[in-house]
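Each in structure tokens, the structures are laid out below.
You will see chain A twice below: alongside chain B first, and alongside chain C after that.
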Partner chain A sequence: MKPSPRSSALAGAVLWVILALPPVRHVLESELTPQVLVQIPLLALAGALLARLFSRRLDTVMRLWNDGGIPGLLLASVAGMTWMLPRLMDASINEEGYALAKFLTVPLLVGVPVALSWPKSGFVTRGVLLLEVVATAFRMGWLYLVSPERLCSNYLLGDQQRLGKLLVAIGVVIALVLAWQLIWGRVRVESPQ
Partner chain B sequence: MPILRTLLASLLVLTAGLTTFSYATNGFRAYTSESARRIEVREHPRKVPDVLLVTADASRTSFASLRGRWLLVEFIYTGCASYCALQGDDFSRLQDRLKGPLARRKVELVSISFDLKQDGPDRLAGYQKRFGDRGVGWLAARPLDQKGLAKLMRVFGVTAVPDGAGGFVHNAAIAIVDPQGRLVAIVNWNDLNAAEQYVTHRLTT
Partner chain C sequence: MASLTLYPAEERLEGGSRVTFDLYMITAVTLFVVMMLIGLTMRMTQATWLNVNPALFYRLLSMHGAGMVGTASIATTAVMWFFLRKYVGLHLWAFVANYVLFMLGALCVIVSIFFGGYGALWTFLYPLPVHGMGLWSNNASALFLVGYLLIGVGSLVFYLDAAAAIIKVYGNLGRGLGLQWLFGGEINPDHPKAVVASSMVIIANSLGILAGSVVLVMNLVNIYYPQITLNALFAKNLTYWFGHMYINATIYMGVMAVYELLPRYTGRPYPISRPFIWSWAASCLFVIVVYPHHLMIDFAQPRWLTIMGQVVSWSAGFPVFCVTAYGAMTNIHRSGIRWTMPSRLMALSMFGWAAGIVPAILDGTVRNNLVMHNTQWVPGHFHFYLLLGVLSMVLALIYHVLGNRANAVPNSGLDRTGFFVYLIGGLIFTLAFLSAGHQSVARRMATHLPEWTLTDKVGSVGATLVVLGMLYYAIRIIVGLLGRPVVIDTSHAHPADTAG
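Up next, the complex of A and B:
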């Protein structure tokens, strides 16, 4: 049974507040790996949970402007790509303005659009997006692994290389799961609309 | 027509995204905060705050009293066992290379320690001695207090992260301050040629 929109929105709001608590921020931002693999994904999840509260009300708008979920997923990709910039991750720790921007834009410009667009998107759109997720994990992972210099001034080189390994591993896992689903799973090729 | 609207919405998202991305990378040039600080300093020189310093001979000075000459500034801590050890070595080599301008007080080499807990005048003096201070034109100092240090680190864009073994990992570089007291350039910590040429070029023109 799916939880009601109200309770998932509440869960999203609680998650958002917890992530913003100074001690939680401190722990998750003290190293690069938890910031990239825990804090930012959970912020996006908080937004996605919140989105269920107004997804029905936005239905007409979405039908008109977010056909097949493409603009929404594009928005999430662009916003997500921006927060992958090492200098912005640095700035979100050193400067309050950037911290606020991260805590607002990751849930609202990544989590919310994904939640509103994914159910509307078809096989091809999802395939392209997922492939791009895998490719990005490999690209960023490789960059962090081979860079002899620290890309974030706030973090140590060993931390950066650990994140690189994890990103490559995550890319491999997602790719394997997708391949498994394509070969042995049930694949719905037609558009959900 | 949802298709046309979707196309329009996608184009708007892309334009806004590219604009933001371009702004966030100084026009697709800086992806790390280190490259960003170098570009920003070069394009918009920053006024160095007049922070009080305690020098290796235990006297006081300040950035204001260092005006009127070119400064090559490095941030260090004397306990460093890794490549910051080479920073001290490089400064004594710069003393040889810039002998004339240093003697004429046109240029000054400045090592600033960010380790206020450990680095007093004696340790600063030991640091200079260890790396063969030639005695002319090299000032080793630390900010008087934490507040001054924080100001300097912000303006110079220096980050020092504890390495878990009592030391620090920091973005070492040579920062160049002009005679008006403005931070005008940052070059690689081991690029002595760039640092030397930057000031000699400006002293001769």
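Up next, the complex of A and C:
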């Protein structure tokens, strides 16, 4: 059964608050891998869940500028790319202003636009985005693996390289799932909403 | 099953479709002429008939390589679009987007080469782009790489639109490829070969483009952050995975013209069969993993990859080629075919493909590769395969369209002369390369030893004939496509009735 928009939004808000709790923050930010692979995706998920509450209201407002979901997904991509920069990830630990920016922009500028734009987007837009996600995982993984020095001054080189391996592995898994789905799976190609 | 009607109504091009198709083909034939002139200049330089300084030579070589691969791709994409749109609902905007992104990418490549001095060849092998040694800047290299990214995104948009359309009709790409009939079941005789080939191209080339997008961006990172150094061997693997698949896809897109048009000119059905489906399924897998044959002389390459490259090289091209060539020959044999320009070009394309892959299989054998790969044997192979194989497929479709618009299958004396000049020139040109390879003449060299120039001179004569033939084709095609179509309904006419 699909949860109601209200309960989804509640779950999103709770998740947001939990992620902001100091002990949770401490655990997730103590190493680079959980910050990149757990904290930031969960913050985006919190935003996506919240978006369900006001998706209908926002939908009317945004119909004019979010044609085919492309502007929304572009916004999410740009915001997401910003939080891939090691310098910003470092700053979000050292300075409260950057931490606040992370906790606001990832849910609101990544999670919300993706949740609002994904249903509007067509097969081609989704395909380009998903392939870009796979390519970015490979590129970032490669970068973390070959960088001779620590990219974040708060984290160790070993942690950075572990993240690199995981990102490459994630890229491989997503690519295989996509390939399997397209070649043998059931794919519904519908006109965007 | 492909229609036996020569000019079926559902193939007629009108409005935006016609403009876009014409734009693709006029751009392609124009670029082919320009790129061939560049090739002729290089061949004459090696023959010492022209004096081009080496710095310019490597720029021309970069332009020729990138330009020919890109042009072959855009022309065969138009072939795929032309036939696939009959069976599934393709969006014109995706076809237009591919063209626009290709042109923007081509502009970046041209500016990087002729204004930025880029000369690290079409393969942009790491770390060559950042070692311009004063001949080109890092910004020029970056612009070249961005151009490739734009071209790749354009192809991807087109493939995704085609994938969506195939999935909408057939459920998934596996069913488009016909995998459900591999081991049994009654094959639907109406399952279009163009859908089988398109599904294969979409699967294989999307993976190649993905690999390309990774290595291109990593090269860009290295250009602006030189402290991030890449593993050159790994980068080379990704580069060739991308490059090999991209150029290989052109023949798999181009061959749709033969599948669709040949039965119309022979008047005989060319039905789909289980061996046909098996061959495309096998080639889909093999073409993805065959690229290590480009790295057999890289001693640090893992041994298993090299062995895989050899084993798969022996088998990758064979399934589809054998089924296609055998199918084409049996379709033609005693069919009473009347030889006109489209049918003649299709037969030539089968010959070009057949003869062109033999040197590749020889070079794909480790022992041979060690002494042959850096010789002109390799350009001998790919020029044979592309010039006489792929380009002939594209020209066959264009001549067919010209026939449709003129309501007469093209077969004038001038056309026949142009074909003959192109064929003889192509054979002289490619055999000169193969002969030079046999004598161990090094490839990618601006300056040749005096002992090497005989094959260069013979090759230059052949190249001149090819350029003349192509120039004729280009003028004929541009005038024909831009001309006003003759409006008479001959949709049921057999070619024998209308050949002029």
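What we mean here is this: the second predicted complex is superposed on the first by the 191 of 193 C-alpha atoms of A that agree within 3 Å, B and C clash if a C-alpha of one lies under 4 Å from a C-alpha of the other, contacts with A are read in each partner's own complex, and residues count from 1 in each chain.
Operating definition for what follows: a contact is a pair of C-beta atoms (placed from the backbone, for glycine too) under 8 Å apart; a residue touches a chain by one contact, two chains touch by 3 or more.
Given the structure is predicted, the values throughout are model-derived calculations rather than measurements.
Asker: Is A:Cys152 touching anything from chain B or chain C once the two structures are fitted on A? First, second, both or neither.
Answerer: first
Asker: May I ask you to decide whether A:Ile70 touches chain B, chain C, both, or neither, giving the answer as first, second, both or neither?
Answerer: So A:Ile70 only meets chain B here.
Asker: Determine, under the contact definition given at the top, whether A:Leu28 touches first (chain B), second (chain C), both, or neither.
Answerer: Neither partner.
Asker: Thinking of the overlay built on chain A, is A:Phe123 touched by chain B (first), by chain C (second), by both, or by neither?
Answerer: It touches chain C, and chain B stays clear.
Asker: In the overlay, answer first, second, both or neither for which of chain B and chain C A:Asp90 touches.
Answerer: first
Asker: Scan A:Ala179 for contacts with chain B and chain C and give back first, second, both or neither.
Answerer: second
Asker: Between chain B and chain C, whom does A:Val110 touch in the aligned arrangement: first, second, both, or neither?
Answerer: neither
Asker: Once the complexes are superposed, what residues of chain A are shared between the chain B interface and the chain C interface?
Answerer: 149
Asker: Quick check on the complex: what are the chain A residues that touch chain B?
Answerer: 63-68, 70-71, 74-75, 78-79, 81-82, 85-88, 90-91, 94, 149-157
Asker: Going by the contact rule set out above, which residues of chain A touch chain C in the complex?
Answerer: Going through chain A, the ones touching chain C are 122-124, 127-128, 131-132, 134-135, 138-139, 142-143, 146-149, 175, 179, 181-187, 189.
Asker: Residues of chain C touching chain A in their complex?
Answerer: Per the touch definition, chain C meets chain A at residues 94, 153, 156-157, 160-161, 163-165, 167-168, 171-174, 177, 179, 203, 206-207, 210, 213-214, 217-218, 221, 227-231.
Asker: Using the touch definition up top, name the residues of chain B that touch chain A in the complex.
Answerer: Per the stated touch rule, the residues are 2-3, 5-6, 9-10, 12-14, 16-18, 20-21, 24-25, 30-36, 159, 161, 163, 169, 171.
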